[in-house]
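Across the two complexes that follow, chain A remains constant while its partner is chain B and subsequently chain C.
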Partner chain A sequence: MSSLQRFIPGLLTYATLYLVFLYLPVLLLPLFSFNDGTIVAFPLQGFTLKWYGQLGQQDTLIKALGNSLIVGGVTAVFSTAMGLFAARAFVRYRFKGRELSEGLVMLPLVIPGIIVASSMLVLFISIGLRPSLTTIILGHTFVALPFAVSIMKSSFDQFDQSLEEAAFDLGESVIGTFRRVTLPIVFPGIVASLLMTFTVSFDEFVLAFFLSGNEPTLPVYIWSQIRFPAKLPNTLALGSLLLFFSILLLMIAESFRRRAAKSQI
Partner chain B sequence: MAIQLKSEASKGMALSAPATLYVGLLVAVPLGILIVYSFWTQSYVDIDRTLTWANYIEAFQDPLVRHLIVRTIIIAGLVTIATVVLAYPIAYFIAFRTKKQTLWLLLITIPFWSSYLLRVFSWKLILGFNGVLNSALMTIGIINEPLTFLLYNEIAVVLTLAHAWAPFAILPIYVSLQKIDRSLHEAATDLGCNMYQAFIRVTLPLTVPGIIAASLIIFIPTVGDYVTPALVGGSEGKMIANLIQVQFGAANNWPMGATLSLLSMLSVGFVAMLAVFTMNTAGRRIR
Partner chain C sequence: MMENRSDKKIIEITGVTKRFGSFVAVCDLNLDLYQGEFFSLLGPSGCGKTTALRIIAGFQDPDKGEIVIDGKSMRDVSANKRPTNMVFQSYAIFPHLNVGNNVAFGLRKSGISRSEIDDRVSEALEMVELDGLEKRSAEELSGGQRQRVALARALVLRPKVLLLDEPLSALDKKLRETMQLELRRLQRSIGITFVMVTHDQYEAMTMSDRIGVMFDGKLEQIDRPEDLYARPCSKDVASFIGGMNFLPASLKEESGNVLDISTPGFGDMRIEINSNVSKHGPKLLTGIRPEQLEISAKKPSDYDAMAQGKVVDVAFYGESIHYFVGLDGIDEPITVAVPNYFHTMDYQRGDTVWLGVQNASVIDLGEIPDNMKD
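Coming up: the complex of A and B.
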């Protein structure tokens, strides 16, 4: 027992150090984005908000942000809609090829990014689609689909079938049942999926880099800025904002997902 | 009843069709085109559409390609090992040594809800010559001159990716640890195993599926990663994806890019299968 007791604080120390390792790069960007100096090094030079203030004046950045919002929004709707139908089918119906199809929709998670990006670029050029926001949306929907399917699946998983049957028996139509029974129950799952897929698209870089042509999304814009040391403080400020909103959106998504899980028990 | 069943099945198929077809088509068609491209050749600005093995022969004869593929697989292997070894104790800690499991799992996933590009970029700032780590160590007075071995090499790539993939290792291993019947561990200690032996002979072999899942989830995307090598790898840490990107970008040789994509995919598949087989055998042996 004494060896066990010595073991526990050891593991706890390790776990704490590991957390420091995990959070270090994430906390570093905001820390230095408020630093009144152009190089990222200690000691800190003093507090400033000017790097944030300058962001609003950069037209290309505003353009890139607009592109990212469009791509993220459309991707979220497309992937969540397909994910909703697919998850419903996987959970509710037994049909030939279900397992194959369930595995297939998860495939985008495990194919290396560069392969997806290069092969899609070749495909789109071959069928005459120039790189544009449309091609990024098509690519991002592919990448975001597994997330939508798995969130919607967990949302349908504990959905009590008898509720729908009861609605039918009480005279509701198919559409009425969906709108008044099914939808309210899976709604938190849909919100969670929309937020999650939006964020996946909003943060995605490799596909956007290959498929963007001359319409960069925010990560592609950041990539172009990383090369210029003079722009570094602004890039840090922009990066910090992006970190903040990604984490915020996903926390909201997570709380909706939990609400979805809870409401069915 | 038969009609009922048939309509159930067709409903299921119809509902899942958009997603399945979308993914299926976007995997199969580009792959097919990529294969065709790999047998074409680039002649200046045009593509010569006669089918030939020229790209494959060139790729196999080019020492740079061979070197990059081997290095990529070595780095991806190191990344996988580093991530899994660093993550295992955490998964173990969360599964067996804390009551606040949900809190710990949340704490571990939150950093990964941020942009991957920005996290890699942040590591570049940490490890740089005039970077955070060097300046911090110099301010405290531990070192007098900046350390130069931190950035632009394989170590930086391995460290950055061991950070980037952390939850992908922790979660599958945690799940496989969770599934273990606690009484097995008690039985082992009752039968005279000490803690260490019980871990090696009972716990570890039972988590092999989790370790395999984690390794594949890490190994495969690492081979296709080009952000990390491009930002922190320097010339020593360049990987095959960087060369593929050049073929589709500056070099404008898409057929060669397609060939390299396919070759790296085939080598990933081969190495991954080999590793899964080895781990499975090893797992059975220690038991």
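Coming up: the complex of A and C.
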């Protein structure tokens, strides 16, 4: 027993209650998705998989899923590519305005989504860009960039600069050095960033809601379905699937990030 | 000559200066290096030795001056096109490649056939005694093995000059001493010029044919290790290499290549002029190596100069014992190093002892530096 626990006896109870409060609602989601009844209330009616089975037959859902995959994929590539170069610059070079630009890049983490969303909508419309997948991608790249930058920064932080010098010294060109040394070494970091930013985009609602026009992403679609009580069990099933895959992706991302940290001796 | 260098100049450095902002890292560096020699740049950290090495390698451009390697000017020749290769302080072993691919890294570009690459890699690994470890992953290597891989990776390209940046500093003491001799042997057997940067005087002395001592961006003295030890050109060099007792003296007469001087403590002495010293004056600085002083309880008879003093401290080093002896008229106690012959410590703190020294052991260090004048 740690000394902290001895001094504050209720600490364990508090922590347990806190975690239950935090995660119990999330666990109810999959629980009711297997419940054979349309009303979300105890007692449970019986086990069924029909809500999951019905998901595949809903064309608008499939369309929304496709939209989310496109937006998430493109956002992941954009933000990771930008994050890669930004992180390298932040870690490697000392230039004027480095701290300011780093702060600006990380800012989306703390600006309320609703502010970003409404101001982006105004901006896009004023420059003639109609709400569409493109505008969602732009918005999502903006919010996913801080995640990409911080993951890539931790990759480059441990990157020994003399590795690149050694490659150059051994006769390799600047581009060849990047391809044969820099890229393979930060590769796990890149994968982690791709998965992370994809997940950020895939789960994002507020921006997508404002910027989607008539091409909803999955979270926007789910929101629109919640209004119909009969569709609720379907939505629970869909939500459970999203939850499962999000956690899976983040776990894979984290394992890659750790591998990135470990591979640099 | 003992060393295996030839008279052919392989690197000519003229007037090289490098500034970082207002800080002058390297100031007017002039240095010729010869084919096949083992040269060390020695100096305290921040003296510009690593910058000098990186300028030779091509990682940094000098603000002024020129570098010629093997007769060709290196102006506008970038590091990847120079006939030099470097062993980095961190060794910079590529973590995603195995030993064989690390060593083959530089060969893959040059359009050499696969089988020849394999041959050269195994030959290089044999040279550093890592034969057959091609498939070993970089993460499984010990510190010493990493250094050998770094050496093999650089030497497999058959550079004209191998540059080594503090190559032994990451190793523990025992391994470091083994590698000093091994690197020396390797350099002799392949005959490539080695230029090593180090802050460790013993490393520099045991390994090098010649040593260049740097302070504050300036090359103070270039000499063979034994000459550097016997005839340092200044107080800085003298105190950086080995231990040294400094003794101010006044010049009585200068005739031919001898100086008649008078010192506090040891009295009058006749010493040889040190040809490496640039300036003499009425006030001189002299130096005596701690191991060249005799210490005894009775007044010794067969020494050119003697002094009586009191032991103020004793330090036991294992292979030797250092006695610190206070003399009248000298602020700093004189250090005397005595080999540990019989596991005895003959003198204790407070003992009155005699010191003896021969004229030949007293080194002329020229006019006394300003900061030591009264």
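Remarks
Methods note: the second predicted complex is superposed on the first by the 255 of 265 C-alpha atoms of A that agree within 3 Å, B and C clash if a C-alpha of one lies under 4 Å from a C-alpha of the other, contacts with A are read in each partner's own complex, and residues count from 1 in each chain.
Keep in mind that, in the parts below, contacts are C-beta pairs under 8 Å (C-beta built on N, C-alpha and C of every residue); 3 or more make two chains touch, one makes a residue touch a chain.
Keep in mind it's a predicted model, so treat the numbers as computed, not measured.
Because the two structures share chain A, they can be overlaid on it, and in that overlay chain B and chain C fit beside each other without clashing.
By the document's definition of touching, of the two partners only chain B reaches A:P43; chain C does not. When the two structures are aligned on the shared chain, A:P25 is found in touch with chain B, with no touch to chain C.
In the superposition on chain A, A:F168 contacts chain C only, with no contact to chain B. In the superposition on chain A, contact is made by A:G176 with chain C only, not with chain B. When the shared chain is aligned, chain C comes close enough to touch A:D160, but chain B does not.
By the document's definition of touching, neither partner reaches A:V186: not chain B, not chain C.
By the touch criterion defined above, A:L194 lies against neither chain B nor chain C after alignment on the C-alpha atoms of chain A.
Seen from the C-alpha centre of chain A, the directions to the centres of chain B and chain C diverge by 100°, a value given as a multiple of 10 for the model superposed on chain A. In the superposed model, A:L207 makes contact with neither chain B nor chain C. A simple residue count on chain A separates chain B from chain C, and the partner touching more is B.
Overlay on chain A (Cα): least separation between chain B and chain C is 6 Å. Across the two superposed structures, the residue set of chain A contacted by chain B and also by chain C is empty.
Note for the complex: chain A touches chain C at residues 160, 162-163, 165-173, 176, 180-181, 184-185, 263-265. Interface of chain B with chain A (complex): residues 8-16, 18-20, 22-24, 26-27, 29-31, 33-34, 37, 86, 89-90, 92-94, 97, 104, 106-108, 110-111, 113-119, 121-123, 125-126, 128, 130-132, 134-136, 139, 163, 166, 195, 216-217, 220-221, 223-227, 231, 241, 244-245, 248, 254, 257-258, 261, 264-265, 268. Of all residues in chain C, only 57, 59, 78-81, 84-86, 88-90, 92-96, 105-106, 109-110, 138-139, 153-154, 157 touch chain A in the complex they form. Listing the residues of chain A that touch chain B in their complex gives 3-4, 7-8, 11-12, 14-15, 18-19, 21-26, 28-29, 32, 39-43, 81-83, 85-86, 88-90, 92-98, 101, 104-105, 107-115, 118-123, 126, 138, 141-142, 145, 149, 199, 202-203, 205-206, 210, 219, 222-223, 226, 235, 239, 242-243, 246-247, 250-251, 254.
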